[in-house]
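Quick one: the structure is below, questions incoming.
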Amino acid sequence: MLFYTESPLQFAFSKLWGDGESADDTKKFGFIGIPFDSTSTYKPGSRFGPRAVREASYNFERYNIILDKNLDVSLFDFGDIEVIQGNFEKTSSIIEFTVKELLDKNIIPLAVGGEHTISEGILKALDVENTTIVHFDAHMDLRDEYMGEKYSHATVMHRIFDLNPKDMIQIGIRSCSEDEISFAKENKITYFTPHEVNKNIDMVKNAIKNIEGPLYVTVDIDVLDPAYAPDVGTPSPCGLNPFQLESLIHCLKDKEVIGFDLVEVSSSEIGDITSINSAKVIYDFLAVQ
Amino acid sequence: MLFYTESPLQFAFSKLWGDGESADDTKKFGFIGIPFDSTSTYKPGSRFGPRAVREASYNFERYNIILDKNLDVSLFDFGDIEVIQGNFEKTSSIIEFTVKELLDKNIIPLAVGGEHTISEGILKALDVENTTIVHFDAHMDLRDEYMGEKYSHATVMHRIFDLNPKDMIQIGIRSCSEDEISFAKENKITYFTPHEVNKNIDMVKNAIKNIEGPLYVTVDIDVLDPAYAPDVGTPSPCGLNPFQLESLIHCLKDKEVIGFDLVEVSSSEIGDITSINSAKVIYDFLAVQ
Amino acid sequence: MLFYTESPLQFAFSKLWGDGESADDTKKFGFIGIPFDSTSTYKPGSRFGPRAVREASYNFERYNIILDKNLDVSLFDFGDIEVIQGNFEKTSSIIEFTVKELLDKNIIPLAVGGEHTISEGILKALDVENTTIVHFDAHMDLRDEYMGEKYSHATVMHRIFDLNPKDMIQIGIRSCSEDEISFAKENKITYFTPHEVNKNIDMVKNAIKNIEGPLYVTVDIDVLDPAYAPDVGTPSPCGLNPFQLESLIHCLKDKEVIGFDLVEVSSSEIGDITSINSAKVIYDFLAVQ
Amino acid sequence: MLFYTESPLQFAFSKLWGDGESADDTKKFGFIGIPFDSTSTYKPGSRFGPRAVREASYNFERYNIILDKNLDVSLFDFGDIEVIQGNFEKTSSIIEFTVKELLDKNIIPLAVGGEHTISEGILKALDVENTTIVHFDAHMDLRDEYMGEKYSHATVMHRIFDLNPKDMIQIGIRSCSEDEISFAKENKITYFTPHEVNKNIDMVKNAIKNIEGPLYVTVDIDVLDPAYAPDVGTPSPCGLNPFQLESLIHCLKDKEVIGFDLVEVSSSEIGDITSINSAKVIYDFLAVQ
Amino acid sequence: MLFYTESPLQFAFSKLWGDGESADDTKKFGFIGIPFDSTSTYKPGSRFGPRAVREASYNFERYNIILDKNLDVSLFDFGDIEVIQGNFEKTSSIIEFTVKELLDKNIIPLAVGGEHTISEGILKALDVENTTIVHFDAHMDLRDEYMGEKYSHATVMHRIFDLNPKDMIQIGIRSCSEDEISFAKENKITYFTPHEVNKNIDMVKNAIKNIEGPLYVTVDIDVLDPAYAPDVGTPSPCGLNPFQLESLIHCLKDKEVIGFDLVEVSSSEIGDITSINSAKVIYDFLAVQ
Amino acid sequence: MLFYTESPLQFAFSKLWGDGESADDTKKFGFIGIPFDSTSTYKPGSRFGPRAVREASYNFERYNIILDKNLDVSLFDFGDIEVIQGNFEKTSSIIEFTVKELLDKNIIPLAVGGEHTISEGILKALDVENTTIVHFDAHMDLRDEYMGEKYSHATVMHRIFDLNPKDMIQIGIRSCSEDEISFAKENKITYFTPHEVNKNIDMVKNAIKNIEGPLYVTVDIDVLDPAYAPDVGTPSPCGLNPFQLESLIHCLKDKEVIGFDLVEVSSSEIGDITSINSAKVIYDFLAVQ
């Protein structure tokens, strides 16, 4: 680089890997973009998510007035993963391979999709069995098949359930089939509707705070009401508001988070509300690390 | 139709009339689009409402998690009514004629506008005198004339009042002239501002629940805050949120609804927030039938 | 239907199948939408093509002033084919199956995509070996593989070439790899750049007029300059203008066209320029049938 | 006004009436906006035309490099006429009344619509019988009725023909019904398609130059190709380009123009291509006065 | 003006200066637009604010149903101030000069930006020392320098602090640097986050009601949540909602407001949510005068 | 980087500096973005140009079918230069400093703006006196002052003229003041209107081909017609088309270009027509190096 130039697009507060960092013991996060959106059934475009979230991240200050602290996490932006639009299987293998590379460097994956299916490849690279999955979404994504397909944004949580995690909590759910509800109930998957969050957010906060052992967080940004996140693959009315999501993400403080993803961000304009609120989810998560 | 093809645009959960249905005694709804918007004074475009609402309806599941029940209503999509832009009188006659055709088939009209004036033609076809009008709107629409015109989106509720309904309740009102307020008060038209809904929604719910006899529901989607419905003819800040509207619509359970319309949806993009929230109003209404 | 209602979205000038038509000997076209776009690598959204083209078709008159004749072709709109986003193989089989159903009814397929890969399924249903392929596109689409994939919008013409057609003519080409150019030259695939069309359109017209025997036409709307078709999957500057495309499509007069498709229309707004120019391609084709 | 302030929205190069101007003998033009669009059948919004054209006018320089002269015409901006959306008859009377007020002040009307119907009211105020109508449009607008209506954007030139002008020339026509063509031929209305303009623009220029006596010019901006004017009520492909329109407007030099209107500009964004090209039409016209 | 015409763009309820008004003793407000936005660092475009706010103002009624009173304030629209994009210093001098002209006429300035820096010029024209500054904003804007610059949207409140006002209250703050927080604390600047407003709005209301002596109000519209004001220079999640802002503005009743500005409105479309909510701020302010 | 990841946003075909390249003798280009747009007077937003051009560059193939050759130039992307919005002087110094750093490495600057003023800083770093300036633009930009300012997008070519270049050629000019025309004529600045390009492009090509010695190229993308580049600061109708611009850029083959810039690209959406045509200008230039 020249004296006055800078890389035009990496997540705010991040460094590029290789700027003299060694693989030491401090907690490190590795930001990766995964611009894959081939199984989207309503509005495609979550491939633009990584770019939108990086761009919007520059609207946030290192100092966090709500928490009265500075963001001091060690974060590296590794760029985007190569994806094969139309080929989930191959893309998922690449995701898994790449996340393993991060883990080899002792780096916690922090992925931005792309559609929700990308979580599957990440979780296959991790040790899921002792892990609680914390899932923010308007949808359960628990179908066993969708239009005959095993792998889809509508089945991804079923596939993750198949990996046998310790537990699964779903927050913000307001759209599902009768079969999904039955599956959730049979398998003791806890879920909270936005109506329940409105009525008693402390109950939901406690559900997160009470988690023991490692946890993985997956945020489908459609968990927010479309007023706050209109550019998503499948918008669903009556969602959470950003105050609620902020306070729930802040509950991850002192938790052992082994991975985090944010998916379904489909913004195609600079600084739109979906990308701003999406970047904030990561900003809020990093703030409590 | 061929084996794998389907009609590209009818309301989700609906059948086309003539697919073997007889005019039996079960409760049936007839979806009709009425793309008329000639008297709009600020932003035109509610002619695109029927298309937008049908398109967005595919984002909803038959299973309703909030009510824990499946949508099982008998609904037929009859397509759009022919309208004459610029000629309200003729258009209104066509609306009235068409609604009478539905009534002859023992089908309850479920209309999507178009601007608010379309309600007048529907109500002229119905037996209004014993009916309570439930009116969701940011505006009273009670002017006697608007810019010298008797028929306008701004006078429609006065025209409906002229049909001598049993009662009229207005919910979400935050914009009116002094004359409209006087008229409402003189004629014992009940109205609730969003501020009153915020303070005591149970009072408003009870106002609906206490209605006896037949009722007609007209929803001007600008009743929602523009954050939830920006693409309307005359946006007005400080509106209802979708949780409030959902719970108020759910109060129509077990009521004898003889007709329903949703108006002023001006979305021109696929899956935008106005069309999603508009489709939800109908989805919520059908769920309690 | 009721007296004054009509189906809100079928191609202008078309009838619905089953309105009393028998499978007689007159030439008939079957309009089908194929909203599949999973392999798009740049801008997704051609799934919205069928809706956009149908909507825009209402801007055209039955009388064609350029040709001084009325459009009198027999056209049926069969709605949209069910597609599986993310699964090209299955989608392609459904396309092939559906086109065979049309052929069984003695109906010529007239398909609107979706991305360019959809042509493959259509052509597998047809007798390709004696057929000349007339291909309008900014891109050769002749790669053998793209990102390791055999089936992609960037390889579709290679796959069609593998079906062993009699001949292949490409018009409007301005973007390709060195390998594609070599492949075209080795296999005697004729191609014309827009620069050649500008210099001598009669040469290109004659290339079409001189085709003998059956032909299949596939129009990737990115053949137009992005000024006329900005909403496409992979826009490419220096394309044809609509006057040129109109006159080339008119050269199909008196030709034995056994199938026609129009792909890569990604409009998501009503009446935008891409959908208007796309609908015109079909309008112009039908006018010379 | 204060020292450093100015009226935020009047046409560039114009003065406000009453700034010390007397009704003397110099040629004067009166700019009026007429934001009426109730009979639009496809895309409404030409009500925003006056605002868009005024706003865009600030992109032009007083010096005209093509003509090598400064714009020195006497132009007054009278603001917008009050219109009654949904009531053509009343609106048309107001237009006629207002234009007569201009004529009383010896001012030539220069109107910006609004939809094409607004021309009717203007021409009723003028002495049409000795006047040649020069009509730029994609459409003939010569229907006697449209959807049963006598007054509509699709019938306006028939209504103007009924006023018995000396002659009528239509330029840019590419969309009409068979009846309109017959009517034009029977009544010796000259028309030129864009294809004819492309082939021999000098023929069209001469048609204008050869006009004798007073003329009235009405420009439906959809005469331009949608690449240059996408935001119009009924876009039609294969239109004129701005070079052609500029040179045709320049043919009005030394002609006795008794009125001018520009209609169907539906821009709703600042500085979009439709408003820029629309403002240029007026700029080019004023330049040759 | 002619009988039926009106100026196309002045704030609703306002008169133009010079329509027979004398500089008498009644309270008068002078609306001025200040379209300057050169120091914006994220999204430019607040230069379009004055136009957007004026346009949107026509959606409000003279009668205010929430307050049950008619708007009867004396308001004059003086148009826009000439600004020099790229030259803050000169622009600020012009602002100061113009505001002094208003004060000479005994008129209270009511300015619409433009970016936040414009407040500085206004306040330099006023007697600040006895004045309390009421500042609505997502950001503190208290930096001493931003990117080495003394004058910037990010430093404006520091510059105003340098003018030595009696007191400063900041409402809606959720984004600042650690230095800004320290500065605010050291200098006894009161601030309230939206979280505090959510928890106890009465405390914030009292902070306003308890102000004694003259006050100046500056509203950076990004104080609202981006769901209600997406088109601003630097959007920040978790903001106020319009009910909260309305009730806080209404607290200005009976206060001695010596000036008011509204800044950072960057709407470029007609009737969008940002401009509607922005116009309402002024409408609400005028309602309590 | 990890095995499968890549930097999300650098110009296609470029490498990052420091990937093992030494400062040897081969011709090298250094891509720098300069997102400065503070003096824009109509539509701001050219700050988004560097991002838009990089993003759009991925639509082009290494193989150039028009020239029948592969792009094999040595190009490095150095990211974006730090700019100070609102402070031209400081920004210009940073630009000059940075370009000198490139020159020290024997790298030819290839800059993407930002507004046109950025050219000044670049040229101050170069040896201008023996250099011919080739200037593509709708506007002369030759004013000595604009609104009292010496440095502005409207004066930049005058400032460059002040640096005393050998010669200056302006192509595409269609908007200027009378003073600019006089200045051009007095100082033997050659200029060509688009009308002249239409009539005799060979004359213009020869003007470029005949240049001797070093030359600097500055392309204001508004040189294209707004149909091809609508998102620019000051759109001007009747511009060049991309075929014309391509063939003129190709005339730079075998010329000694010492620097190149592309300015006024204001795209804020992915893959829009302005960014595609802008990226092509650079692609075409690199193809003939």
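Quick notes on this structure:
First chain written, first letter: the chains are A, B, C, D, E and F, and each begins at residue 1.
The definition used in the following text is that contacts are C-beta pairs under 8 Å (C-beta built on N, C-alpha and C of every residue); 3 or more make two chains touch, one makes a residue touch a chain.
Here is each chain with its UniProt name: A, B, C, D, E, F = Agmatinase.
All of these numbers come straight from a predicted model, not from anything done at the bench.
Chain pairs A-C and D-F differ in how many C-beta pairs are in contact, and the one with more is D-F. The most distant chain from subunit B (Agmatinase), with centres taken as the mean of CA atoms, is F.
Chain centres here are Cα averages; for subunit C (Agmatinase) and subunit E (Agmatinase) they lie 55 Å apart. Separating the CA-averaged centres of subunit B (Agmatinase) and subunit E (Agmatinase) is a span of 38 Å.
Subunit E (Agmatinase) and subunit F (Agmatinase), compared by their mean Cα positions, are separated by 39 Å. Shared interface positions of subunit E (Agmatinase), defined as residues touching 2 or more other chains, are 227, 270.
Applying the touch criterion to all chain pairs gives A-B, A-C, A-E, A-F, B-C, B-D, B-E, C-D, C-F, D-E, D-F, E-F. By the touch criterion stated above, subunit B (Agmatinase) contacts subunit A (Agmatinase) in their complex at residues 58-63, 65-66, 68, 70, 227-228, 242-243, 246, 270-273, 276-277, 280. Residue ranges on subunit B (Agmatinase) touching subunit C (Agmatinase), taken from their complex, read 1-9, 17-18, 32-33, 48, 50-51, 54-55, 78-82, 94, 97-98, 101-102, 268-270. Residues 42-43, 173-178, 181, 193-195, 198, 225-227, 230, 234-238 of subunit B (Agmatinase) touch subunit E (Agmatinase) in their complex. Those residues of subunit C (Agmatinase) that touch subunit A (Agmatinase) in the shared complex are 37-41, 44-45, 47, 84-88, 90, 147-149, 151-152.
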